[in-house]
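Given below, in the form of structure tokens, are the structures.
Okay, so chain A shows up in both of these, paired with chain B first and chain C after.
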Partner chain A sequence: MPNSNQFTYRRSSWWKRNQQRLTPWIFLFPGLLLFLVYVIWPIFNSLYISLLQWDGLSPAIYVGISNYIELLDDEYFYISLMNNLKWLIFFMLAVPIGLGLAIFLNQTIFGIRLIKSLFFFPFVISQVVIGIIFSWFYNPRGVIGPFLDKIGLSNYAILADENFATYGIIFAGIYPQIAYCMILYLTGLNNLNTDQIEAGRMDGAKGLSLFKNIILPQLKPATFLAIVVTVIGSLRSFDMVAIMTQGGPYGSSNVLAYYMFETALSEYGYRMGYGSAIAAVLFTIMMFYILFFIYRMYQSEKKGL
Partner chain B sequence: MFPIPIQKRPLINRVSYKLLVPVSLFIWLIPLLGIMLTSIRGLGDITAGNYWGMPSEFLLFTNIKEVFQNTPMLTYIINSFKITIPTVIGAVTISCMTGFALASYKFKANLFIFFTFIAGNFVPFQILMIPVRDLTFQMGLYDTVTGLVLFHVAFQTGFCTLFMRNFIKALPNELFEAARIDGTSEFNIFLKIVVPLTRPAIAALSVLIFTFIWNDFFWATVLIQGQHAMPITAGLKSLNGQWVTVYHLLSAGSIMAAVPPVIMFFLMQKHFIAGLTLGASKG
Partner chain C sequence: MVIVGGIKMRKILAILIAVTSLGYSSAFAGTLVINTDLTDPAPKAAFEWAFKKFQEENPDVTIEVNNFDHEGYKQAIRNFLTTSPPDVFNWYAGNRMLPFVRAGLVEDVSDIWSDSGWVDGNLTEGMSHAKKPMTIGGKQWGIPYTYYQWGVYYRKDLFTMNGISVPTTWDEFVAACATLKEAGITPITIGSKYLWTTAGVFDYLNLRTNGYEFHMALTKGEIPYTDPRVHAVFDKWDELVKPGYFLENHASLAWQEAIAPMVNGEAAMYVMGNFSVALFKEGGLSDSNLGFFQFPEITSGLPMAEEAPTDTMHIASGAKNKIDAKRFLIFLSRADVQEEMNKTLGQLPVNSGSKVNRDPFLEAGLEMLNNAYAMAQFYDRDAPAEMASEGMKGFQEYMVNPDRRDKILERLEKVRQRVYK
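What follows is the complex of A and B.
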């Protein structure tokens, strides 16, 4: 009996001594486990699959980098990559437009809160719905039909035009993104340092120079965040493309995200290895931004500590 | 205040501003107004090409009824709730714990784990697609709500941890120290001090995750095949294929898909925006 008593005593003291050290791991366990299984491991697994020839059912064959070599000669891959670049460039417009809207709405008139939230509306709605709205908008027998007739473009369907389909989708995609940037800047404008602005005004700074020298530097955190979410949003263009064109006509509006899905999972065949190689390229592009973001956060963490 | 408050401007500016705001709002919302207008029209208007004039009949309820009768829309909506609500509960609970662990304990791997969560959160979905689909298959959870929820919880843990960790980090540390000196166990510090104090963050996170998951389309396409488990986003997409010309029904369906997140947004606006703009006002 005394022995077992001693044992419990010792165990509780062991727990007491190590509680501080062990508790964080106990709290981290479920989240970390799920994240490792569903996010971290799949990344490495995908990179490995990109070295295989595999249809998902029959045994996989190791083929080295031949999937990547095939990519170099794949016309559709280049089209998709170029379209990703177009998305990235034009999506960036959401940042200044969002800033402009935020400045325009940063007033206190009757009902302004409701107006701001109505401006924000498109962001809350699913991209699937936005995609449906716009494809029906662009339909020449649909909403803009009468307008097209007036400007002499009867029956013009932008989504069926090889040269412009991508721009049609980007235009739809940028709509909610502007709303997001706007809300980021509205928060930024709300937290401006009033003293600095007044001091600037005393010194005679007005209009553009006030904006450039005093306002914009203070909005830096909002700008940083707006750029980060816009870049990521532009590379996640899957939903819009899937709804509006499915990459067509003739692959002309494809993006890497959708092209990957199409090669790996659609009726065009189950080429898991090749699809993974496309995903790996997309991942590498994104990794630059992720590392940049992490570096920024690391800097501010070091300052905070 | 920037720009200069409109009240301090000459009368003409004030008047034109007050006119300009509703006009620009109207232009901004044209796409959404268009779909609302279409959802109340009848087939007659659609085939006659009457898209912008007054609807000749008011058929919103007929259209909604027709959508429910002729399509599995009701199942889709229920599925969306079955997917979204457990995900919100799961992701928020787990990230309260991870956020607490990373915010209030010093250990070697702390920052590394934190940055792993952040980095994973930004990864393109496609790099996860094939292994996650395989894994779900092997667990026998392909084409089930559970399989989709498990993945969503895991993935959202990244963003939620970032959010909760920063929130808890901003709480005064003395609070925890004082409790520790009083002999409170670490678990009780979490349950009795941290959880009550993080309520605003929990609210903000819940609305955000609700919207993200409700609007998810990609993972629903990858992990779900049949109508029995399909959420409304994927359901709408399949209807989109079938109903090329019946825009009034498609519009009614789209509105149904949009209503829950919109209500959520209006009810919890403050929290929603606080969550989205985290970090937009400080360096």
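What follows is the complex of A and C.
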């Protein structure tokens, strides 16, 4: 009897001793499992596929790194990479414009809520719809046609211009992104510490210096978040490109994500290996950014921010 | 415990029964599973009629149709052929079916074509002229049920107004373009956003300059894109592109959007397939001001081949009911069935015993194709997908920047060496 008592006592004590450590893992388990199956495994699987020559039907042939070697000599790949860079740079404009709009709208007058929600509206519309509407705008027979005529650009179709098609798409893409940044800043502005502003005013800060030294530092979390979502938004520029130009004219507005889709999964594609190689490059670029982001998060957590 | 176990057992049994009966029902002789992407109104109606008629004639067969949307089908076909093959599915002739045939996913139906062992089949008589695009490696892999012609659709009234008669030679064609341009009318409209329209122009220039055999050899990868004969095609193309005879900004327009200038009277011609007629008429044109002519001759004396993309039906190699599937394919190849279906489709029946709708465009197309030296499927169906996509990108780039011809052809040559190795 004492023995068996001891035994049950020990057993419950092992669980009791380890309960604190184990419980989080038990709760994390379903999520981790899904993460492994749907995120981690596909990453390694597509890295593996990038070493194959495979059309999805016939048996795959192992070709080593020759897909990557081909990438180095692929004009369209460099065009797509450059376009990704353009997206990254010009998409950033959404952050200051969003900030400007937020400050402009941060007033207490009658009906401001309605106006704020109207400004937020672009973010509510689906990207696909925005893409279609903007390609109608850009059509020389469309809305802006008559204005272009007046400035001597009659019959100019930006989406058919190999040098400017990308900017046309970015402009359409930035439209909802500004609304997103604006709403982030508006919430930030709501939480401003009024004491600090008062104190700043007493010390003689006003206008730009007040904004720069008192308000902007307080908006730092909002800025950080706005930059993060904008970078992510620019890297997933796939849908806009797919809707507005399909990478055209002749691949000049392609981005890596769409180029990957085009080679691996579109009607004329099914080069799974090559598409995966493009995906691997895109993944590497994103990885740099994600690591930087995690590092920053870790640093600010340490500081207790 | 016993009760719980009992419930569990019963559940498992029920599932087992459901699964096996499901398996049986699809394996049951007399059920014909057909996968299609024919969701547009006309094809849908045509096939509904055909399914009904087939069932009337074969009361022992039950038809089960799985309809996919058109774009999704191109992806879905790869999955369903490998994982759960239907008995019958629709696809396209030429190189488009090659990957599936090569992967062993399509059933050889040569016996239907030679009418051996089939009482009700009669393909040797009415369909033999369409055998070639269905043949890979000396065997036939499906049957065609409809096709349509390509050519030049034009505004009759604009031609008369400017004193132009239908051109039959290249010089007349270029002269007509010049006259139209001078009159402030865009001679040829085109929307190249989705690229394939450019291939229609290239194919015709190539078929007329170098002939059908050259077209087939080029799309089979036997001829370098830097070949002087390819350059000769682009020389002809230059005569249209360099003076600006094509619609401006075509790279930003879908083929349907490029119809608008012609409906508005701002453009006069469109190198297109017959499916565009419906859209022209929707836009307000009628038989009195919309006309059709054969793409004019370039190299004189060269036999005229035409573009006639063909839609086809195939049997999956993993089909469970191959007997009824073959009966269905034979049924679809019959003259009376093709006649009735193509009346609804507004296209041309492949079986030469079928009559065609009283429609000026179909009649013109039928006459042209009956006299055609040979029929090409279209650049993107004759050439493998990878080559086609790069090729059409190149054609579009050329049409915008004709000076880049050499660079483009060199790039295409690089692609050719990779694709066909």
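Following the convention adopted for this analysis, the second predicted complex is superposed on the first by the 271 of 305 C-alpha atoms of A that agree within 3 Å, B and C clash if a C-alpha of one lies under 4 Å from a C-alpha of the other, contacts with A are read in each partner's own complex, and residues count from 1 in each chain.
One rule holds for everything that comes next: a contact is a pair of C-beta atoms (placed from the backbone, for glycine too) under 8 Å apart; a residue touches a chain by one contact, two chains touch by 3 or more.
Keep in mind it's a predicted model, so treat the numbers as computed, not measured.
Novice: One more residue to check, A:V255. First (chain B), second (chain C), both or neither?
Specialist: So A:V255 meets neither chain B nor chain C here.
Novice: Return the chain, chain B or chain C, that is in touch with more residues of chain A.
Specialist: Higher number of touched chain A residues: B.
Novice: First (chain B), second (chain C), both or neither: which does A:M297 touch?
Specialist: So A:M297 only meets chain B here.
Novice: Is A:L265 touching the first partner chain B, the second partner chain C, both, or neither of them?
Specialist: Both partners, chain B and chain C.
Novice: First (chain B), second (chain C), both or neither: which does A:V39 touch?
Specialist: After superposing on A, A:V39 lies in contact with chain B but is clear of chain C.
Novice: On the A-aligned overlay, A:R141 touches which partner chain: chain B = first, chain C = second, or both, or neither?
Specialist: both
Novice: In the overlaid three-chain picture, which partner chain does A:L57 touch, first (chain B) or second (chain C), both, or neither?
Specialist: So A:L57 only meets chain C here.
Novice: Given the touch rule stated above, what does A:D239 touch, chain B (first), chain C (second), both, or neither?
Specialist: first
Novice: Which partner does A:S276 reach: the first (chain B), the second (chain C), both, or neither?
Specialist: first
Novice: Once the two structures are superposed, pull the chain A residues common to the chain B and chain C interfaces.
Specialist: Overlap of chain B and chain C footprints on chain A: residues 56, 135, 141, 265.
Novice: Would you pull the chain A residues touching chain C in the complex into a rising list?
Specialist: Interface residues on chain A, with respect to chain C: 55-58, 70, 75, 135, 138-141, 155-157, 159-160, 162, 245-246, 248-251, 262, 265-271.
Novice: Within the complex, which stretch of chain A touches chain B?
Specialist: 19-21, 23-25, 27-28, 30-32, 34-35, 37-43, 45-47, 49, 56, 103-109, 112, 115, 117-122, 124-130, 132-137, 141-143, 145-146, 175, 180, 183-185, 187-192, 194, 197, 210-211, 215, 220-222, 225-226, 232, 235-236, 238-239, 242-243, 256-257, 260-261, 264-265, 272, 275-276, 278-280, 282-283, 286, 289-290, 293-294, 297-298, 300-301
Novice: Taking the complex as given, what residues does chain B use to touch chain A?
Specialist: Interface residues on the chain B side: 1-3, 5-7, 17-18, 21-22, 24-25, 28-29, 31-32, 34-35, 38, 49, 51-52, 94-95, 97-98, 100-102, 105, 107, 110-111, 113, 115-120, 122-135, 150-151, 153-155, 157-158, 161, 185-187, 190, 211, 214-215, 217-218, 221-222, 233, 236-237, 240, 247, 250-251, 254, 257-258, 261-262, 264-266, 269, 273, 276-277, 279-283.
Novice: Contact residues on chain C for chain A in the complex?
Specialist: Touching chain A from chain C are residues 74-75, 78, 81-82, 99-100, 102-103, 105, 192-195, 248-253, 257, 260, 380, 385-386, 388-389, 393-394, 396-397, 400, 411, 418.
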